[in-house]
Amino acid sequence: MNRAEPPRSAVIESGQRALLKYLASMALAFLPFVVFVNDAHWLNIIAFTYLMGGLAAAWNIIGGFGGQFSLGHGVFFGIGAYMTAGLVIRYGFSPWLTMLPIAVFAAGVAMLISWPTFRLRGPFFAIATLAFNEVAFVLANHAESLTGGPRGLMIPFKAGFANMIFRERWQYALLMFVFVVAVIGICVLLRRSRLGYYLLAVREDEDAARAAGINVLAVKLKGMALSAFLTSIGGTLFTMYLRYIDPPTIFTLPEVGVKFALLSLIGGIGTIAGPLLGAALIIPFENWLRAEFSNSLPGMSLAILGLLMVLAALFMKRGVVGAIEDAVKRLRRGKGSGS
Amino acid sequence: MSAAMLEVRQVSKQFGGLRAVDNVSLSVRQGEIVSIIGPNGAGKTTLFNLLTGQLAPTEGDVCFFGESINALPPHARAKRGMGRTFQIAKPLIALNALENVMIGAFLHDARLSVARDKAFAVLERVGMAHLAPRRAGDLTLSERRRLEVARALALEPKIVLLDEVMAGLNQAEVGIEIELLKSLHAEGQTFLIIEHNLKVVRAFSDRVVVLDRGRLIAEGTADEILNAPAVIEAYLGGGHMGQGGAAAANTETMA
Amino acid sequence: MENVLTVLVFGILLGGIYGLVSIGLNLIFGVVRIVNFAQGELVMFGMYGSYFAYTWWGVNPYLSVFVVAPLVGLLGVAIQRLVIQPLQHEPNMQIFATFGLLMLFQNVMLAVSRGEAYSVGGPVGASVLEIGDMKLSVVRVVTLAAATLITIGLHLFLARTMTGKSIRAVTQDKRAARAMGINVEKTFLITFGIGAALAGMAGALLTPIYSITPAVGGNFILAAFAVVVLGGLGSVWGAYIGGLIVGVVEAFAGFYIDPVLRSAVWFVIFLIVLIVRPAGLLGQVGAEEVGFREQS
């Protein structure tokens, strides 16, 4: 064979390059925070964007990398939210302390409910996860002693770092930023790990994966557990930010469980940057829609998001990141550089 | 004489009223290439699926290194050293060729750099190192086939099961593939192949096993088998099998 | 004993509603092999259409069926052509697309109706049939009768007409049907149209029973999934019988355990069936097909 072997870095991104890209994009993501650090209104939007970006990235682990479209991540979000709130209200436990054990619990629940449902293929899996979300909603409404039922739970305002309750909005925004930085960092590491590659293989072709020695169910469960773990932490942060949660806030699919998937789809499913990019595009836009229309045309924001979902599924399956990658590829080819 | 690596002991598979595989026994020793041939519907694919773990036998045992593996699922068999390819190639489309092979390479070492280097080595071995960055979805059929072989080789398998790896390839591509398999065989790789292309079978088998209607009707060297009347009967219902490849393959589809 | 009978009858009547709503979903499921998350919204459109016909032109809901059902059917054809067909090889994207439609439809109606709940109850809704000691709501009995008639009608359509037979052929084996010269894409269009029309029909017939809100579709979709899975894909009678079973189970669970846990009932049924007997009671489609592995 006389054909030259391409430099190894051209085939798989080197660890250094990946790290640089990650740091650069996180710095870029931090800019809006810096710019709007004194504007409470914008800080709120930015905080939510960071939070939802992190949650979307967490969903992306099993939905994007693993190809398992769960519509039931609201369950794990709810576990993080409700358990954190419950423990704070009842026992005064600091969310910093309870956050991780609760997330581990959520991961356990995820594996438990996923184990039978991963047997179901594609759409049936999605329906089953959707059903789990509905059941969680019913339970949250029903178990009043634990969850406050339809009235929900309210966390009294007691500022303090240990309580994860802050006076200044910028402190919350910073917290959310740390969250999304952590989640995306984990995604970068995952993508470069054996589990990450195995998730991709399972997504692409389960039979081929098995032929390569991959225990498909085990890989899916691990991916789901990690995804649920991170989603639960997002739920904790959400609760401590709003300090009020009720079943509709947590379990309404288009606002929560499906939203994570939607953001990933718009930004770019299965990519690292996609979920946060999707959040950056959609959350401020949605905010604006709601402000403009909620009096005249209630539900407009969700209607438009629904339309975007349909259009993205039809015309932009790989999201904005995919569209950018395609454009770059076309440019490169146009410039005549050899492949 | 080395003990058999892979042994099929009186294996049968029943689907309702149909006995797709009927009391088949065969063995593959280390370093051998054994080919399974037979007309369409002979049960080759079913037998193959029994070996890879996609199906469980109704009767009999599939033994690997002396141990029955009937209960092992496909991924566990791969871990034990059974590599395989698919009749319809299954590349992982969104990944590039290197990453495809890395999926196999990860079996023995979870480290990215180790898997990457091993995958490069395997790609070089199959003559595809220059295609490493190419998206698997953009590869030609012949390249996809070799990619599958590469992915299987990355497992450091004790035996590789090939399912009609020549199907759909033109003469030149078949030649390349044969050369590759021959050189792998020369290094000691054991193969069990299902093949329709009798030219391939003749070029490169140590032993040939013939299936017809689920039963093993003949076993021997390539020369013995390809001239045996019973085999000719099964394939063509009369006529000769001098030409391998297209001619025989075409007449088979009428069976 | 009396209680048991009342609950049973209530369950059967409820089952009639579920069967009515599910029959369209089952047809689409079985033939086009997609999960139409927006099916509940098609029922909702049927309800609103019927409501507007009633309030603007005084048309009795049971009559407006004849206008509403075809209109919703046309919408179904449009959905299949514009959204589903382009995505036929991408089941994951289908999930997004139909869920997006759900959100779009639900919230457009929300914007249009400003969140007001409508009701067509009145004299139609309140009338009661007395049999012995039991008081049966007339509209529910009519609904059960309609569900039965529609099931029979659909069964005959599939069994006797050319179109129906092509639909059955495609359900069994898409590739073989295509090889026989059946235009599979056209069959999908027709099927989705019929399935949507059935949903619209269900909506119109249910107008006297339910309070009409944009979210009303959500009441049905999960139950409908349970019914379709229980009855088995591609089986018209499966949807009917499945509906009755789900209705009865739900009625008993609601009476003896807790009414709040209805959705839990649907979900448990759904999960148990898929794990124990994926083909459902009367499914035409083999167990390994459930889950829609691409038939190409």
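Residue numbering begins at 1 within each chain, and the chains themselves are lettered A, B and C in the order written.
The rule is short, and it goes like this: a contact is a pair of C-beta atoms (placed from the backbone, for glycine too) under 8 Å apart; a residue touches a chain by one contact, two chains touch by 3 or more.
A quick note: this is a predicted structure, and the numbers were derived from the prediction, not measured.
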item	value
Mutual neighbours - chains that touch chain B and chain C alike	A
Innermost chain, where centres are averages of C-alpha coordinates	A
Contact-richer chain pair [A-C vs A-B]	A-C
Chain centre separation (chain B, chain C; CA means) in Å	48
Computed distance of Cα centres, chain C from chain A, in Å	33
Inter-chain centre distance, chain A versus chain B - centres from mean C-alpha coordinates, in Å	42
Chain C - residues contacting chain A, complex	34-35, 83, 86-87, 90-97, 99-108, 110-111, 114-115, 214, 222, 225, 229, 258, 260-264, 266-267, 270-271, 274-275, 290-293
Chain B to chain A touching residues, read off their complex	52, 73-76, 78-79, 83-86, 90-96, 98-99, 102-104, 106-107, 110, 112, 115-116, 120, 124, 127, 129-130, 132-134, 151-152, 155
Of all residues in chain A, those that touch chain C in their complex	67, 69, 71, 116-117, 119-128, 130-132, 134-135, 137-138, 141-142, 254, 258, 261-262, 265, 293, 297-303, 305-314, 317
Complex contact set, residues of chain A against chain B	1, 3-6, 8, 10-12, 15, 192-194, 197-198, 200-201, 204-205, 207-216, 270, 339
